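Heads up: the structure comes next, in structure tokens.
As written, the chain order gives the labels A, B, C, D, E and F, with residue 1 at the start of each chain.
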Amino acid sequence: MTERFNQPMSGNAMPRFAGTATMFRLPTPSELVGVDVAITGVPLDIGTSNRAGTRYGPRQIRSESVLVRPYSMATGGAPFDSFQVVDGGDVAINPYSLEKSLGLIEAHYARLAAARVLPISLGGDHTITLPILRALMKRHGPLALVHVDAHADTNDVMSGERYTHGTIFRRALEEGVVDARRMVQIGLRATGYSANDFDWARSRGVHVIQAEDLWYKSAAPAMAEVRERIGTAAPTYLSFDIDGLDPSVAPGTGTPEPGGLTASQGLEIIRGCFGLKLVGCDLVEVSPPYDVTGNTALLAANLVFEMLCSLPGCRRR
Amino acid sequence: MTERFNQPMSGNAMPRFAGTATMFRLPTPSELVGVDVAITGVPLDIGTSNRAGTRYGPRQIRSESVLVRPYSMATGGAPFDSFQVVDGGDVAINPYSLEKSLGLIEAHYARLAAARVLPISLGGDHTITLPILRALMKRHGPLALVHVDAHADTNDVMSGERYTHGTIFRRALEEGVVDARRMVQIGLRATGYSANDFDWARSRGVHVIQAEDLWYKSAAPAMAEVRERIGTAAPTYLSFDIDGLDPSVAPGTGTPEPGGLTASQGLEIIRGCFGLKLVGCDLVEVSPPYDVTGNTALLAANLVFEMLCSLPGCRRR
Amino acid sequence: MTERFNQPMSGNAMPRFAGTATMFRLPTPSELVGVDVAITGVPLDIGTSNRAGTRYGPRQIRSESVLVRPYSMATGGAPFDSFQVVDGGDVAINPYSLEKSLGLIEAHYARLAAARVLPISLGGDHTITLPILRALMKRHGPLALVHVDAHADTNDVMSGERYTHGTIFRRALEEGVVDARRMVQIGLRATGYSANDFDWARSRGVHVIQAEDLWYKSAAPAMAEVRERIGTAAPTYLSFDIDGLDPSVAPGTGTPEPGGLTASQGLEIIRGCFGLKLVGCDLVEVSPPYDVTGNTALLAANLVFEMLCSLPGCRRR
Amino acid sequence: MTERFNQPMSGNAMPRFAGTATMFRLPTPSELVGVDVAITGVPLDIGTSNRAGTRYGPRQIRSESVLVRPYSMATGGAPFDSFQVVDGGDVAINPYSLEKSLGLIEAHYARLAAARVLPISLGGDHTITLPILRALMKRHGPLALVHVDAHADTNDVMSGERYTHGTIFRRALEEGVVDARRMVQIGLRATGYSANDFDWARSRGVHVIQAEDLWYKSAAPAMAEVRERIGTAAPTYLSFDIDGLDPSVAPGTGTPEPGGLTASQGLEIIRGCFGLKLVGCDLVEVSPPYDVTGNTALLAANLVFEMLCSLPGCRRR
Amino acid sequence: MTERFNQPMSGNAMPRFAGTATMFRLPTPSELVGVDVAITGVPLDIGTSNRAGTRYGPRQIRSESVLVRPYSMATGGAPFDSFQVVDGGDVAINPYSLEKSLGLIEAHYARLAAARVLPISLGGDHTITLPILRALMKRHGPLALVHVDAHADTNDVMSGERYTHGTIFRRALEEGVVDARRMVQIGLRATGYSANDFDWARSRGVHVIQAEDLWYKSAAPAMAEVRERIGTAAPTYLSFDIDGLDPSVAPGTGTPEPGGLTASQGLEIIRGCFGLKLVGCDLVEVSPPYDVTGNTALLAANLVFEMLCSLPGCRRR
Amino acid sequence: MTERFNQPMSGNAMPRFAGTATMFRLPTPSELVGVDVAITGVPLDIGTSNRAGTRYGPRQIRSESVLVRPYSMATGGAPFDSFQVVDGGDVAINPYSLEKSLGLIEAHYARLAAARVLPISLGGDHTITLPILRALMKRHGPLALVHVDAHADTNDVMSGERYTHGTIFRRALEEGVVDARRMVQIGLRATGYSANDFDWARSRGVHVIQAEDLWYKSAAPAMAEVRERIGTAAPTYLSFDIDGLDPSVAPGTGTPEPGGLTASQGLEIIRGCFGLKLVGCDLVEVSPPYDVTGNTALLAANLVFEMLCSLPGCRRR
């Protein structure tokens, strides 16, 4: 079985600190034939309202991903025995134009969708999720959404702009790209522009689990409810903003907010998506200039690995 | 209502990373007329026994405070709909003389007290709290005290000195500035000069909640007890040493101790002061040279925002 | 004399680490009446091709500028005895749209020009210089230009875009905003897209002094030639990209190139502009996430101070 | 009583930031006569598979240890009233040869064992534990082991080598240095080379407590079971790899894994060893280049202090 | 012409911060057919006597090399119009055994030599140069050597070992791998184990240019003498230890010494090798944990680019 | 000869990164009998006007000093063959009182003077030099002074205080501790409180060599003049503020100023003191929180080594 699929280059064959730092030390083929999952970087940071730096997210996540080994010890998840996974390289965004970049990203993911490749994306700021969702919606129809974040990202405009990292889920709901009844937001907290910032989505049927609801306890029961709500048949997207986690856990990000999720809750949330019909995932908002040890990127790499383990059909050893 | 009071400059009017970094992007008026709350920096660090750097605390907390928005999503707290809040600037301490600085600080807060302005202070090292308490006592009488810290700060002398960041609450109790029966210390832990370092205060009636008492659980029940003990009528001061929190949460400080409070507990403690008759607050011991990402200062800014939300009369939306 | 003009707040009145960090501790008036020079931040970084972070340039330069005192010991330059200088605040750029930001910047500088305020600008990436030049040209006609930089910034397009931090001087020359015969580029070096990257400007009459021409020697003789070339009557702009200096001197920038100018050469170049008819200056491309000690921003603040000293009419004590 | 034993130099006699940074500010005698406990550095990092840097672990732990005071406030532990503790200096390992270093370490600890000095060791990478165990086994017979770690360290070979920081407990079990029935591994987690990486040890009788087993709760009940399993009579070694803790708590290490133990759990585990017949302890894998604030080293120093408090015979005040 | 050879991926086709970070954004072919130059990483750091970290040198140099463009503006050097250059990947050294690693490196370079590929190597610590020289000597005979360094690296033994980063040139001279009469050492300085540390090599005919000989002036005249001494026909190796440069220029290294060469002298030395018959080059001792901005790695990448430009046959545009 | 004196512990006997980090790995005897030179730390930072942190200067200089070897390669200086040198430990300053600290320092140096031990001091901020000079004056009479600095440190008062790191040489001249005719200030530059800040000393006969006087050239000729001026018989003190050097060379300091001396000039200045009758030296103002690589401390250690080499009677090999 193992031989059918790409395996991460072993630390015994080449030391972990050596060799080209591709994602999980996987190949970067130029063709998508036979590929099940493409881990794709989207190094965008011009949709950001506060600290910059997410343009280096994909590169640093790849660099730190070399430590991740092929099996999940908690779940037995064995993605590299289950799927043909590749490092899909980066989307050549336009670093000077957010508008053109959105188009470039959507076109790139339309090609992946056409090739029936499931995309897992490395941000980049959260703006990237909108064009990805649009591309996936064209193939799958309106999507269920598990959205982990400190922020609702449902502002109407920011600085007068309709497309930024803080407005995308408003756009996604308005456009019908996402099915509000099957959308869950987890980890929201801190301060808002108004006291009802989280209510616009709620009023449309979105289920919001604020960070406070999860303090001092396992996220597993909440995820059981999430699976119930979404069901096993709905095409579902998982968008994980690293700032959903507490800044102690993930300091390297641009708009950190105190009182967030723990790393173990982050792992439980992704593990709790096993059973959903995931059709795409992303991990966004890692900002390497603020990740002085590389540990935020390393955490992101582990979360991406858990995403692989939660894809439909992933074997458990 | 909103129009009556200063509002933080919006991130839509001026990007968060732009403009002068005043506290919460509030005005810095030269007069105190009509001011309810003045957030005031006290950039002192010559009362410090270990790592230096708190002189830059007020500046960095202000710089990071630009991300804080006007409403608390957990409580609906709406301080900028409730009070006239200003950035009160810094006390011009004497960087070469601790003794003179204590006098300068007390005189500054006496002026604030005379103008009936409630002070929220940004440290600086913890020594600043003693002259602030003295000034407030002259107006309010002996004060109840909620003291969050890793350390009791009740040493008699340090290096032979009676006024340092580790002796101030002994002085405050000796001087009668604080009412021991209405004083609570939360978060104390780690190692001591003797095994009974926390007992001097206890023997005078101070209630001590060690960090171990709060591990793995909410601080809300403990705060209910604190409110019971202090009552709603006693003029109360909240002194929050950032090292009360665990170093994972607040690395940028001078005497970190392991096993501290989580950020969520820190939020609960401040939120749990709502209902007390707070007459002043401080947030001390942020040391920017050890806060490499700025996240400790950002946490401090959020805690100060929660202090605003816990002031008597703060509206909830 | 001194009393006529704003003076930097003294370190004796308020410790340097205390108080609001305005540029040189100057006032930030809301009106421009009577202002001679406005030091204005332009916190743009979406015109950047490599590392991000210049959005925080103005804030960090202001923070470090508190150490600069009012007199130049080398030249006796006394700008605060000569001009009414203010901290002009920041341009409210649009963080999501480079195109709109260029318009916002030009409009802002048109207002300054209308008020006959000489602008000294704190970048932000180098893209900001184009709209500033456009605004100044409307008042002064085509401008002479002293351009310090590691790069020519005369690419035609980058990623297909005509307006980026690497194309602006091509645009400025094409548009006639700058007079090629009175334009000098200093510090160019390193690697190019082609071997004749520096020749497009040369072919139009621009004088290029490569970094290699200045190795191991004073830049003063070269500046004498520059003054000769430009003359004393031509309205002249000084655009100083911090990456013109060697990365050892100015590590905190986005596209560093080895073999650059020393700090003393940087000082000589600005001092060598005394005698020109400067009508505006900028200091761009400081990127705080890569300026871990703050020393690049502090150097930038000193260079801006020297710009003040080189303005026409600056007294020498 | 106190006078019989070395006392840490007081912060009142010499400021904490001053003086030679020996461990806990204890003497470094050249002779072992009368010494009960020698805290000994083993600055090895050539057994490391990922990030380097543990060679500086002992030095940085010593530097930060100056903040630790002589009494444990949680337990009343009073090691400096109980034992003659010294800073035993460092083992002069061979920085170019792992094989020779293993021999040098074993010889050094054989000398300590001969002098009946209980060793507490500061790593260095985890490879150091094997020669220490070998030396102790010769005196005490096969050892019970409490092993805190993110990793099992029971690989057979790495890069073809049998002696590395990832293989040592396989060697220790194969050699009979450790008694598998009295061995407990705590904190194991994350990703493995195979899905049954933790089963080799389990199949030999080792008790494994994965990190997930401890999420959101006290480690004290688990430690009660550990004491039951090992008993009070078995000579027991405590090996604490700092990466057993979550990277948020201990960022400065070479192979961090998400979802680890909290600092309070780390403290509980060591405190829970009180009652066992500890004959040696180590704290390994602190990597100062990744410990930018020094807080990981400071945590390590506190954990070592707690080890002292858990030694048999430590008085409680 | 251009079409015959690999070209660095353009920043216009893919932003510089995006895409896999291969050296100069060149391909990494698995076969050596048709390859003229292979830039090869040797991520060794277990030959190091002081600070660790060079194992991450190749990865960080590659990451920063993305900014280097294809033409040298100072010389017109056009290596990618002249040679088929590839990123040759890394040597799979043994991270636990220096001895085995030396064998693995020599074997790897023997394969490159057999394929008539000229190697340019990215260290790794300086120990790597010995096995590379051995492999090249087998093809070319004894080699002339230009050795840039702060240290002579001619100790007899270190910690009793004959093969370390401080002994390799003694071994190379003893073994006859290098021709002492055609060996030049440039940049030596600072402190020695004895006052005649540099004399062992001198006594064998090596020409030593101490750093002091080059202070405040161009290195070009010295390089003219070097070319005279070595001649145009002798197969020559260039070994450039980044610590030959001053720590202000190259802070990210393990044994920095004050008073070193400037970046411009470093460029002149490599440019001054044009005309020699270079058969291999290396750039060693970049230690990323001490290179906090990445600028040392970026400088190293530029120096490697200049090495390409100095290879025999490189075109000048 | 060698055997008579303490020798730095060799890197072959104990790796450089191992063992207690005493200055130059020398012993720290408790008695001064037979000691010629005591390298003594004065960890003061409460005389500082801008950035804090010099309290950690002595510790970090010691930590980095382990790399310095016993012979100067440029001069043959052999201090450990010439003098009995020890690490004299630190002065137990009072961290809360500048006034008391000045007394404690003076008393400490009076004891050294009484024991005829020549002191070389590690700062700490520059305030420490005044009490040291006072103690030395009592033994030697008024002192000649070589003062390397960016600042004159001759302010009358700062924040109303007469004793700070910016006023000490005014006090020293007023008190007659220093002989103005034999005082030289080297490296002064940048901005002043007035345009004649450097003239107060000049008017008393002090010779001032501004940094600009030394740009682009050797400092050796200037030092020949200095030796001429001071003569060989006058007891002379060398006070070296690390900020005399350019911030590129010595970033880790509290009041950096651009355009300073190079490292090679710093070495030449100290080497140029050979021939003077040095009776004491200091190296002050290293601020570790701003010395992120440790290279400023390492440079300081090398400069202190050169001070040893310039002491009267130091042998040259």
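As a convention for this text, a residue touches a chain if its C-beta (ideal position, glycine included) is under 8 Å from a C-beta of that chain, and two chains touch if they have at least 3 such contacts.
Quantities reported herein were computed from a predicted structural model and do not represent experimental measurements.
*Asks:* Can you tell me the least number of steps between subunit A and subunit D, where a step is a move to a chain it touches?
*Replies:* When the steps are counted carefully, the minimum from subunit A to subunit D is 1.
*Asks:* What angle of turn lays subunit B on top of subunit D when you fit their CA atoms, given in steps of 5 degrees?
*Replies:* For the C-alpha superposition of subunit B onto subunit D, the angle is 120 degrees.
*Asks:* Give, as an integer number of Å, the spacing between the C-alpha centres of subunit E and subunit D.
*Replies:* 40
*Asks:* Round to the nearest whole Å and give the separation of the Cα centres of subunit E and subunit F.
*Replies:* Here subunit E and subunit F have centroids separated by 37 Å.
*Asks:* At least two partner chains per residue is the criterion; list those residues in subunit F.
*Replies:* 15, 17, 49, 51, 55-56, 95, 158-160, 216, 246, 248, 290, 292
*Asks:* Can you list every touching chain pair?
*Replies:* Here the touching pairs of chains are A-B, A-C, A-D, A-E, B-C, B-D, B-F, C-E, C-F, D-E, D-F, E-F.
*Asks:* Report the residues of subunit F in contact with subunit C in the complex, numbered from low to high.
*Replies:* Within the complex, subunit F contacts subunit C at residues 49-51, 157-160, 188-198, 210-212, 215-216, 246-248, 251-252, 255-260, 290, 292.
*Asks:* Please name which positions on subunit D make contact with subunit B in the complex.
*Replies:* 10-12, 15-17, 67-74, 76, 78, 216-218, 246, 248-249, 263-264, 266-267, 292-295, 298-299, 302-303, 305, 317
*Asks:* For a test of understanding, state which residues of subunit B touch subunit F in their complex under the given definition.
*Replies:* Listed in rising order, the residues are 45-49, 51-53, 55-56, 94-99, 158-161, 163-164, 289-290.
*Asks:* In the complex of these two chains, what residues of subunit A are touching subunit E?
*Replies:* Its residues touching subunit E are 13-15, 17-22, 28, 41, 43, 55-56, 58-59, 62-63, 87, 89-93, 95.
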